[in-house]
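The chains carry the letters A, B, C and D, assigned in the order they are written, with residues numbered from 1 in each.
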Amino acid sequence: MAKVSSASAEHIIGRLERFKVEIPSWGFSQTGTRFGKFLQDAAAVDMDDKLADAGQVNKYTGMTPTVAVHVLWDFPNGYDRQVVKIAEKYGVKIGAINPNVFQDQCYKYGSITNRDAKIRKRATGHIIDSIEIGKKTGSEYVSLWFADGANYPGQADIRQRKAWATKSLQDAHKTLGRNQIMLLEYKPFEPATYFTDFCDWGASYIFAKNAGKNAKVLVDLGHHLLGQNIEQIVAWLIDEKMLGGFHFNDRKYADDDLTTASIDPYQVFRIFNEIVNEEWLTGKDIKLAWMVDQSHNIKPKIQAQIQTVMAIQELFAKALLVDRKALAAAQAAEDVIGAETVLRDAFTADVSGILKAVRKNLGVPANPLKAFRDSGYEEKAAKTRIQKRKDLGINEGGAFA
Amino acid sequence: MAKVSSASAEHIIGRLERFKVEIPSWGFSQTGTRFGKFLQDAAAVDMDDKLADAGQVNKYTGMTPTVAVHVLWDFPNGYDRQVVKIAEKYGVKIGAINPNVFQDQCYKYGSITNRDAKIRKRATGHIIDSIEIGKKTGSEYVSLWFADGANYPGQADIRQRKAWATKSLQDAHKTLGRNQIMLLEYKPFEPATYFTDFCDWGASYIFAKNAGKNAKVLVDLGHHLLGQNIEQIVAWLIDEKMLGGFHFNDRKYADDDLTTASIDPYQVFRIFNEIVNEEWLTGKDIKLAWMVDQSHNIKPKIQAQIQTVMAIQELFAKALLVDRKALAAAQAAEDVIGAETVLRDAFTADVSGILKAVRKNLGVPANPLKAFRDSGYEEKAAKTRIQKRKDLGINEGGAFA
Amino acid sequence: MAKVSSASAEHIIGRLERFKVEIPSWGFSQTGTRFGKFLQDAAAVDMDDKLADAGQVNKYTGMTPTVAVHVLWDFPNGYDRQVVKIAEKYGVKIGAINPNVFQDQCYKYGSITNRDAKIRKRATGHIIDSIEIGKKTGSEYVSLWFADGANYPGQADIRQRKAWATKSLQDAHKTLGRNQIMLLEYKPFEPATYFTDFCDWGASYIFAKNAGKNAKVLVDLGHHLLGQNIEQIVAWLIDEKMLGGFHFNDRKYADDDLTTASIDPYQVFRIFNEIVNEEWLTGKDIKLAWMVDQSHNIKPKIQAQIQTVMAIQELFAKALLVDRKALAAAQAAEDVIGAETVLRDAFTADVSGILKAVRKNLGVPANPLKAFRDSGYEEKAAKTRIQKRKDLGINEGGAFA
Amino acid sequence: MAKVSSASAEHIIGRLERFKVEIPSWGFSQTGTRFGKFLQDAAAVDMDDKLADAGQVNKYTGMTPTVAVHVLWDFPNGYDRQVVKIAEKYGVKIGAINPNVFQDQCYKYGSITNRDAKIRKRATGHIIDSIEIGKKTGSEYVSLWFADGANYPGQADIRQRKAWATKSLQDAHKTLGRNQIMLLEYKPFEPATYFTDFCDWGASYIFAKNAGKNAKVLVDLGHHLLGQNIEQIVAWLIDEKMLGGFHFNDRKYADDDLTTASIDPYQVFRIFNEIVNEEWLTGKDIKLAWMVDQSHNIKPKIQAQIQTVMAIQELFAKALLVDRKALAAAQAAEDVIGAETVLRDAFTADVSGILKAVRKNLGVPANPLKAFRDSGYEEKAAKTRIQKRKDLGINEGGAFA
């Protein structure tokens, strides 16, 4: 390890061993764009498949002990002990609970911002049900994303909707268990086009403040206007004690759900630098929901999750390497180039040795991606699942004939 | 009419009577975002419905005598005389032919840019088939949009793909009928995220130049990076004699397919100003494919098309009102405010009198949207089509129960 | 007047008579881009010229009774009774006080975010001095914009700077007079490039909340990332009782300082629609700082200000025309097209009659821009000021020889 | 060196020894934003200083044997043999010649696009004079950037201007020496705001094609709309044999002139990957103008240039490491993750050993930046130049007192 860090190698390796990231159950299913889905034979057909696949990611990386779930898709009939057991079987646990209040026809004009009180009640009820599921699964986070917004000027009353959403969030917040945290995501575009009710970190911050003390802001890396400095938002939210967690992914233009750091790895490093700074200041691990939110249309799904988790680990390792004393000293001297060089030295440092040590301690292969690719799991899953679809009469769309 | 124009009212009214816009058959079907579809009872179930609905738009506006078709959806088995007859029944004709080389599973890694020669051949063949259909329907335009591109750095060889696409387009161009025009659309994002092969007007320009003399560039208003000056692209393409036509719609951030001019009407006016300038210079109507490309998730579909066509008509009327002599004089004097005022006077002019006259001459209602809304067509279509779906066993997704 | 409004013509005309906008003293001086200044002979040479020119805008529009000042440029030696008297002579008053903490060499690494406590003190002291000037001039607003930020990753500690700025603002806020309001502007880019300390409305909101109850957020129309829905920010800030005012201008890509509504008039209309909605709800005029912030490199300066003020007036008139009952009814029916049509009818309405009446009541010409252009003032000013520069030995740069 | 490359270490080291980048004379002078300049004591006062500083960059990096010049600032009276001699004294040569047709008052409404034929002639004449200077200095490149455009809709006739510019470029092209190349830069914004005549690569491509066979397109990394895939433009221009060279810098939002790769190093790597691909295909070094275009307001100027040149060298080294056979194989297998991994392995590879070898061969310090910082040159230059300004009576603005 290059001597770029003020932390000891032991500290860094230890921190990386404790560093865990949650992956999403929906990352293993068929998915696509509005123009269609490109089907993968090895895609998960049912919840058993999803959890099995998630178990693979954890097996090869040692970093993903929990799996985020979408209530509508994964617990369609409410809490289901069977799902928890399946997770156990595959060596993972149920993580963040994601209500779905965007898919039903009734949500055409909004969920908790809908002008129809019955629909708002239904949406709020689904969130409260999700909180209850979370209590039973022992999940700490209930993670809320709202597709709500409007497509056209005039369509909706921005302020009325703000009031309605505030009330719903307060009602839901009241039902949180003592250790449960409500995460409020934001996004400035899509699927609503003219405005989205949870448009940016400022909006989610105010919604969270009004909802209650266990409500925090969730930062999805793909949910910003171009040109936004995301690490600044992260720094501010940490400073305000309002950062709840992340949805990791990357993007080029819109909310592209690409593998994390595939487009701009330095940005991810800079975000992690703010996290590590907080840990340096407090002397303890930050408490956050570290979650991947990606579902892949082109890349093989398990591989893409492994690749993502490895990229996150690598960049967190680099952020841990930042020599914080040297950085502080350069900043104190207004040595702009010196301070920047401290960051760049950490970013370009070779962390392969550190990662090797970490993976050894975690008992996983030195190259998780290669090991998984060599394992034959994907090919086998493809075979089994083709048959399963046939047996269950599931037709997800035609293959190239 | 305010005296803002150097053209006579007769000229303007006459031009507006000749001003026609094509609407898309796919604008009447169920559609949605990648997060789901919000179903409309009155949405078209089959081609008969689509053409009937298109006929309504024409009936009430007098401006949409032709309907663009998607070959895969509208001519799934190749040319079908029946479809032409149905169109006739509803008072419209088949317009631009749109091949679909993005939906089949084989196009996962590209169509005419696919490294597999068989797939490129298949895509090219489909385009050539579409050209043949166009000959039979008497359609002038074959309108090509490619979803081709890559999602990740390294995934694809940009230059190889450029060569493959060039060859395919040349092969297809050779089969064009004498009066057929090949339109090449461009788009910098979605569904490919890292790069798109037809990324901008410069790329489509070069592809078109290489394809052959009947290939032109198609400008879709929603297919630009933010900040782009679209009227400049239009002016340049006119100047290069390479502008083939438009796909009208509007957007706030991405390719939102909103009704034209719903977000930025002044931009549409400025684009039309370049068109009218060309007509002023040449003394004749410009020859272009004027096409709407919108499919509506939230708005009732027929209404949205009528609204769009009316907005286009209104803004074209305003562009016709620009006092070109006064504009030229102000420009010659470097009177920036004066020149701008000429545009603004036309943009803010009350064109209701002109539109009233035009609609009277076209034999359509003074307020097409209101007349259609009052007609009861939508309610009746909803009823019939609910039954049709039931009869045919079509389940497009559940309603709010 | 078309019957588009639920308000009476009397109400609208009355409201427009009371509708005043502040113009900036710096809008009359030579200005430019980082590539150079294009000099105008008629540009103001000194404070007398600036106030004389501002007086012209007020004389011809009847809408600009106050003039915003930059302390460093306009009150270089602190409060100066002479300046107030000059203003009176030209029929205007001193409006918002703008400290300048970005120009001195000491602010290279920040003003109230500078790590050097002496520099922070100096910046805070200048703000407090500006507040004192405001008390003496009777100005209600102290308007703060900070160029603070960093150009490179690593350069600065985002959170330290946040703390420093918070403390300075609190110190300054304590010295506010009872009726004084501190406005906090935000801007995501320029001149700092990597991050700006006051980056967006969320940041300014939190700074304002922490500063004290008389601190509010200032929205400059050119200070947003592309794709931002500004009317939503305005609606939220009104709802939070945190909107302090506006800096009006327009932009295509960056902070271009173009005349308001020259690029996107419909957006300005939609912003005003949120204002008028608030006035409708409360039954009284909103209390805001309505300020123009433009300085023109290409357009003649007085003309550009008159054109701007007229554009603002026209679009506010149109917003007043929105039929709020019809809008509410369409929204209540989820009639998206109907609601949008209410807005569009107001936006496209011919307000020339209304403006004529308003201007008559205000005792100003029916066409202020034309009247000013015909007045000969500019030509005369040019002549006088060429001589003044010669007399004073001022060389602002060479003309074309 | 990790075994990531299909090229030998010798090849890579050899290529890097031949890899040279040009730095700009204007990068050593005082500079700023439109809000003001932050002065540096060590900034160059005159041409001797500029070339001395450029010599330092070359001395410490061994990579910058040539210096781009701005005719108006560096050859104000036409060709000057003295300047060439000074350059020699400092071990550098005069590189690309940059005419300046944006600073004079006469260019307010355009240079080669100005409607006044006299002004177009003057601008064209200055370009031709610059070409003549280039012949005498032995410079290969004449590098053209035009600030031309318009700030407001209606202000200018886009197509007329296109014709005027085309004619001027043709006239200038005729005077090119046999080995001279005319580079045409593009930029979509600033200082013109509404449109720029050379708005994007498509426009510069067409202008270059029309100008003549020695006209090529220049890609400035900071001159694109957000979201643009720059490596694709580079690949296309190489493929069209129309890429003339680069202006290196980086940006967050606008044309920020930040040190290259300071914001997005992976993007620079991907651009270089396209260059290396071309060299791989042809088996020889590409022929391009590799130029830095940065002028620093905050960073010490010589250090910033050294840092930039080192970043470019490092990222070019990484691009040389790309295992092109493995990349081609992964692409051929449509192994998206595999192909991406090839790129990432090269990007994250430790190239310190390679750079050490290269620098040893070039006879420069292993860490050029550190060596320069330790040399005392900057402190000495500051002292000398403070005195020089005093002696010459140059007042560039006040320091913090």
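Everything below uses one rule, namely that a contact is a pair of C-beta atoms (placed from the backbone, for glycine too) under 8 Å apart; a residue touches a chain by one contact, two chains touch by 3 or more.
Owing to the predicted nature of the structure, the values given are computational and were not obtained by experimental measurement.
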Which chain pair shares more contacting C-beta pairs: C-D, or A-D? C-D
Of the pairs A-B, A-C or B-C, which has an interface that repeats that of B-D (more than half of the contact pairs shared)? A-C
Intercentroid distance (Cα basis), chain D paired with chain A, Å: 40
Quick one: chain C and chain D, Cα centre-to-centre, how many Å? 38
Touching two or more other chains - residues of chain C: 108-109, 151-153, 155, 188-189, 194, 225-227, 229, 252-253, 262-263, 266, 298-299, 336, 340-341
Over in the complex, which chain D residues touch chain A? Could you list them? 226-227, 229, 252-253, 262-267, 298-300, 303-304, 307, 314, 336-337, 340-341, 347-348, 350, 369
Once bound in the complex, which stretches of chain B touch chain D? 108-109, 115, 151-159, 162-163, 188-189, 194-195, 199-203, 205-206, 225-229, 231-232, 235-236, 238-240, 266, 270, 274, 277, 327-328, 330-332, 334, 336, 339-343
Touch list for chain C against partner chain D, complex: 32-36, 38-39, 102-106, 108-109, 147, 151-153, 155, 188-191, 193-194, 225-226, 251-254, 256, 258-259, 262-263, 297-299, 397-400
